[in-house]
C-alpha cells in the first residue's frame, strides 16, 4: 500500500501514488515536500517507487526488502548516499498482551526503513506501525508540520518509536520484581527456564537499544548534511531518551545476575533444611534404637532384664538420650531452622 | 515558588518575581547578575520564567518538567545552547534516617536543572534542596559572592551537592562492615535479600556517580565558553572529589562480591558441619546396632548367649567398636569441627 | 592448477597460464583486466606466477604458502603494498554433514589469499572453494562483470564467502535450542563434554568473525586507494552482513552461559530430589523401627506385652507416627517434589 | 617543621625558615634553587609558607591540608597551575612489621604533596617519610645534586617512594604462596576472612598503583613545561618501574581468584569424603542389620533357627554380604578416597 | 664474553673487542656496520663497551644490567634515544624438557637487551640464546646479510625468538587436551593444584606476549626513524606471527575456564552418584528392617507369629517391598546411574 503525503504552498494533501509523477514537476517548482509511505508494499509498488521514481541505490533497496515474513529483520543502521540518508530502525511491539509472567515479555522487533532526502521522506515497512500512523494523522491535522522538512518529520516518527519502547522496557522492572518476590516467598513457582527466557529477552532488548542508540548518536551530532543543525537538538533529545532506557536495560542485567544468585542461595538453603532434618532425626533415633536393641539381646545373664524397674529404666534412658540430643542441637541452632 | 536574587552595583538583593521585568532593564545597564531559583514551581510560574522571560529552548524546558512526583528524575547531563548551558544534576537525600541496617540505605535521587548564562543563573527543582538553600544564605551574607558570576555561583551549588554525597557513600562502608561481621559471627541474622538490596543500591549510586562525573569532567576541562577559564579550577576540584567517591563506590562492588563469596562459604561450611554430624552419628551407631541385633537373633545354638560373661562381652564389643570409630574420626579431624 | 580469466575489449575469456605472458603485452595496451586463480598450485606454479610473473613481496608469498595440509591456516588480514593489496580470508566449510548433535558443528576453516591490483586479481587457495567457483561461473556468463575491476570482482568472492557462513552460524541456534530442551526434559542425554565442545566452537567462530570483520571494515571505509570509492558501498554491505552474524555469535555466548547455569541448576535440583527422598524415608522409618524395637526388648516386666490389644496398640502407634510425619512433610512441601 | 635547603653558587646549604625571605632576594639574583620541606607543619607554618611566601592557589593548599590524622589521605594527582605543578603522591609504609600472616599486609598510605616550580620545590607531608629524608641527606653530601633543578630533585624523591613499594608488593607473593600451601596441606588453618582481607588489600594496592602510574605517565611524556625534556627520561624510568609492579599486583588478582577456586574445591572434596564415608558405612551395615533382624523375628516356624549351623549360616551371610559390598565399592574407587 | 662482527666493503669478519677502537675509524670512512654481542659480560666488559665505547644513556645501561641471576628480568619495552633505539625482549626457554604433565610447562623467561643505531647493533644477554647464535652463524655464511643494516639484523634475531615461542605455546594445547581427557576419563588423576599451575603459566605467557606484541607493533608501524620503511614489512610479519600466538594463548584461557567448569561438574556428578547410592540402599533396607523388627516384638498376642506360613508371609512382604521400591527407583532413573 502506497501512501503519499505532499506539502506545498502551505497545504498538506494526500495524493494517490499515480499522481506522484505529476506532483514531481510541481515539487521542483514550488519547493514541495513529499512523504511516501510504503506499508507492506507489493513487489511492483517497491519497484515503481524505490527503483523507478526515486532510483535509490540497489543495496539500500535490498536491505529494505529483507523485511519479509519468516525472515529476520535488518538491524538498525544509517548510511549516507549523499543525495539521501538510508536509515533502518527496529520498532518494538508486544506479540500478545496477556498478563501472565510467561507471555508478558513476548515482544517482536519490526523493521522500518527510511530514505531521508532534501525534499522527500520515503518510509518502508512490512507491518502497520503505530508510530508512522500517528505522525500521519498529525500531519493531516497540523498543516504546518511538514514545512519543517523531512528531517524533522522523520524525527517525529523516531520519537514515537522510542516512546513506545517505554512500556516494554518498564515491564521488565515488574517482571524482575515478581521473580524476586517469588524466589523468596514462593520458590516452587519459579521455573529456571523462565529466568533463562527473561535473560534472553534482556540480552535481545539491550542489543537493539545499543544499535539504535548508535544510529541516533550519529544523527544527533551533526554528522550528516541532510539533518539541519537545528534538528540535531531534537535528535539529541530522542537519543537522550534512548540512552536512559539503555541504561535501565543494562541495570536489569545486574539485577538478573543478583536474582540468579538469590535463586541458587534459596535452593541451597532449602537443601540445608532438608539435610538438617535428616541429621536431627538420625541423631535422635539411631542412638535410641541402639539402646532398645541392646535389651532385645537374648543373653542368658542380663541383670537389667530381671529388674523390677528395668523397663522404666529403659524409658528413662530413652528420654535422657533424646533430651540431651535436643539440647545439644538446640544450642547449635539446628532446631529453629 | 520563585526566588530572585540580584547583584548589581556591589549589592545583593532579593526581589519578587514581578519585579524581575523591571530589573531586566537595569541589568543591561549595570551588568547586574541575577539568580532565579524555582523551587517546586507552579506551571504558570514555569511558563512565565522559563518560556516567557528567558525563552529557553522547549526541549530543555521539557527536561526540567520531568521532575514531577511519581516520575523518574532525569539523569545528569549537560547541553550547550550557545546562549546558556543547560545542566541537570541529581542531588541525593536520605529518605529516612533510622539507624537499622534495613533502612539506612534508603536514599533518594532528586533533580536539579540549571541554566547558566552570562549574567544569569536559573535553577529549577521540585524539592527543597539543602545545597541550594545554603548557597542562597551565603549570598545574602557575603555580598561580593555573586560578583564572580553565575558560573562561580553554580559551582558553589554543585560543590555542596557533592559534599552531601559523602555521608551516604561512607555509610556503605559501615553497612558492608556490619554485613561481613554478621556473616562470620551471626550468620542467621543475614538475609540474602538484604545483600541483594545493598547491591542494587551500590549499582544505582555508581550509575549516578558516573554520569555526574562525566558532566563535571566536561565543565572542568574548559570546553564551554560560558565557564571562564578561572572557574574551571573550581569545577576540577569538585570533579576530583567526585572521582574519589566514585572510586570508593567502585571498590564497594569488589567488597560486596567478596562478601557474597564469604556468604556462600559460610553457608557451605555450616552444611559441612551438619553432614559431618550425621556421618559421625551413623558411623558410630550403625555398627553398634548391628552387633546388638546379632545377639537378638533367636538361633537355638548361639554359644555366646549362654556364656556367663556374654553380656559383658557384648558391652566390650560395643565399647571397642565405638572407641575405634572415635579414634579413626579424630585422626581425620572430624570431631573438632 | 592455474586458471586465468581475462577481460579485454568487452570480452571475458579463459586462457591458459602459458598465454599469460603474451596477454601481458595486450593488457597494457588495452586496459585488460585479468584474474589469476591458483587452486592447490604446485610449487612451480606458485613460483612462476607469484614470484615470476607478478613479483609479489616475499613475505606475502610466504603467507600464501602457509596453507598446506597439516598446518594451521593464516588468520584474516590485509596489507597494503602500494601496488597491490594482500588480503587473507578464512572461508568455512562443514567437514561432515551428518545430522547428529555431536558432529553437526564440525566446520573447518580454509585460507583464501588474494592480491588485488589495479588491473589484476590473484587468488590463491589450497582447497576448491565454492565461493570462487561460483564467481568464476558468473564471470563466464555475465561478460560485463569483470569490467567493474578487480576490487568489484573480489567483493563478489568475499560476499559469497560470508553468505556461506550463514547456515553454519544459524546451525548453532538449533544446537543450543536442542541442548536447552534436553537439559530441561532429558537431562541424562546431555554430556558435559558436548557443551564444552560447543563452547570451543563458538569461541573459534567468534574469533574468525572478529578478524574478518576487521579486514572488511578497513576495506569498506575507503582506506585503500585500490578500492574505488564506489566499491566501498559494496564492501560496507558485506561488512554489515558480517557484523550481524558476529553479533549473533556473540549472543550465543550469552545463551551458552545461561545453559551452563541451567545445567548446574537442573543437576542441583535432581540432587535435592534424591536427598529429599532419603530424608523422607528416614524420617518415617527410623522412628517406626525404634518403636518396634522397644517391644522387641526382653524385660520381664513390660506391661504392654501382656495386653490383649498390645499388638493392635503397636500398630496404632506405627500408623499414628507415620501419619504425623507425612502431614508434617506434606506441609513443608517435601512430598510434591 | 620547616626545612629549607638552598643551592646557590655551587653550594648547598640548610637555612632556617626565617632566612627564607632574605634568601628570596638572592635567589632572583643568583639563580638559586630552593627546596622547602614541610614535615607535619603547624597551621601557622603552612600559612606562612604556602599562602604567604609562595602564594599557591587556595584549592591546592586545601588538598595539601587534607592530610590530617583521622582523615583519608588524598589520592595521587597532578595539576598544572602554569607557575608550578601541584602533585600528590601516596607513599606506602608498613604499620607493623610482625611476621604473622594476619598482620603482614597491614600497610598504610600516606600523602606527599609537592609544588614544583622553576626554581623551587615545596614538599608537604604529615608523617616523616624515609624517601624525603634520604634525598635530603644526599643533597647535603652531593653538592651538585640540586643544580639539576627541582624537577630532577622531585624525581629522586618519587624514585625512592616507588622503590619502597617493592618489599610490600613482593610480600604478597609470599602470602599468596603460603595461603595456597595451606589450602592444599593444612586446610583447617585457612580462615576465609583472611582471604577476604588479602583481596581487599590487593584491590587497595592496585588502585593506588593505577593512580600513581597515571601521574607518572603524564610526568614522563613531556606534557608539562616545568619538567625539562631531559628529565622525562628519568620519570619514564620510574614510570616503567611502577608499571612492572602494577602488573605484578594485577597478576595477584588472577592468582587470588585461582586460590578461591582451590579453596572451594578442597572444601567440596572434603565434603565428598564425608559423604562417601557415610555411604560406605550405611551400604555395609544397613543390609547386615536387616539380616540379623530377620533372625530376631519370633515366628514359631522358622527352620533356620533350629539348624545346628544356623548361627554359622548367619555369620556366613554377614560376611558374604559385607565382602560383596566391599568389592563393589572398591571397584567404584570409593575406598581409596 | 664480547663478540664483534663487522661488515665492511662487502666482507663480514669477526674481530676481537680490542680491535673495535681501531675499527671505529674505519667505520666512519667506509660505512661499515658493526654488531657487538655481549653474552654474560663481566662488569668491566659492560663498562668498556656500553659506557665507554658507545656511551649509552645510564638508564638504559641500568636496565640491561638487571639481567643478573636471582633477579627478575626486565619486561619488554622500547625507548627512543634519538641516536639509537633501546629494546628489551624476553626470549623463552624450557627449563627442563621431560615429558610429564607436571614439568612440561616449566619455561623460563630471559632478557635480551639491544641498542639499534644507524650503523651498529649492540645485543646484551646473560644467557646463551639460540636465537642470537643462529643469526651469528648465518652472518658468517651469508656475507651480504649484514649489508641490510642493523634494523634488518635485529629483525632476524627477533624473528628467531618468536619462532621459538611456537613449541612452548603449542605444548599447552596438548596439556589442556590431556587435562580434559583425564577429567572425563580418569578423574582421580587430576590434581587441582596442577590446573592452578597451568593457569598461572598461561597468565604469565599471556602477559609476556602482550608486552612483546606492543613493542613489535611500534617497530612495525614506522614510528622510529632508525627502522627504515622497508624493514617495517619484516617487523610487521613478526608482529603478525606474535599476534596469532597471543590469540592462541588467549583462547587457552577460555578453554581452561571451560575445563574448570568440567572439573566441578564431574566432581558434582560423582557426589550425586554417592548420594544416590546411599538413598537407594536406605530406601530399600530401612522399610525391610522395620518389617522384620515388627515380628521381633514380644507381644503375647501376635497372630502372625503362630501362622504356619508366617515366616513365608514375612519373606513375601520383604520381597514385595523390595521389588516395589526397585521399580519406583528404576522409573525415576536412579538405578542406571
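Here the chain labels run A, B, C, D and E in written order, and each chain numbers its own residues starting at 1.
Here is the rule we use: a residue touches a chain if its C-beta (ideal position, glycine included) is under 8 Å from a C-beta of that chain, and two chains touch if they have at least 3 such contacts.
Worth saying up front: this structure is predicted, and the values here are computed from it rather than measured.
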item: Third chains touching both chain E and chain D; value: none
item: Between chain C and chain D, the fewest steps along chains that touch one another; value: 2
item: Fewest touching-chain hops separating chain B from chain D; value: 1
item: CA centroid of chain A to CA centroid of chain B, Å; value: 26
item: Intercentroid distance (Cα basis), chain D paired with chain A, Å; value: 42
item: Overlap residues in chain D, where contacts from two or more other chains coincide; value: 268, 271, 275, 278, 282, 286, 289, 293, 296-298, 302
item: Sequence of touching chains round the ring, chain C onward through chain E; value: C, E, D, B, A
item: In the complex with chain D, residue positions of chain B that touch it; value: 180, 184, 233-234, 236-237, 240, 243-244, 247, 251, 254-255, 258-259, 261-262, 265-266, 268-269, 271-272, 275-276, 278-279, 282-283, 286-287, 289-290, 293-294, 296-303, 333-334
item: Chain C residues touching chain E - in the complex, by the definition given at the top; value: 57, 59, 62-63, 74-75, 77, 79, 188, 192-193, 196, 199-200, 203-204, 207, 260, 263-264, 267, 270-271, 274-275, 277-278, 281-282, 285-286, 288-289, 292-293, 295-298, 302, 304-311, 314, 318
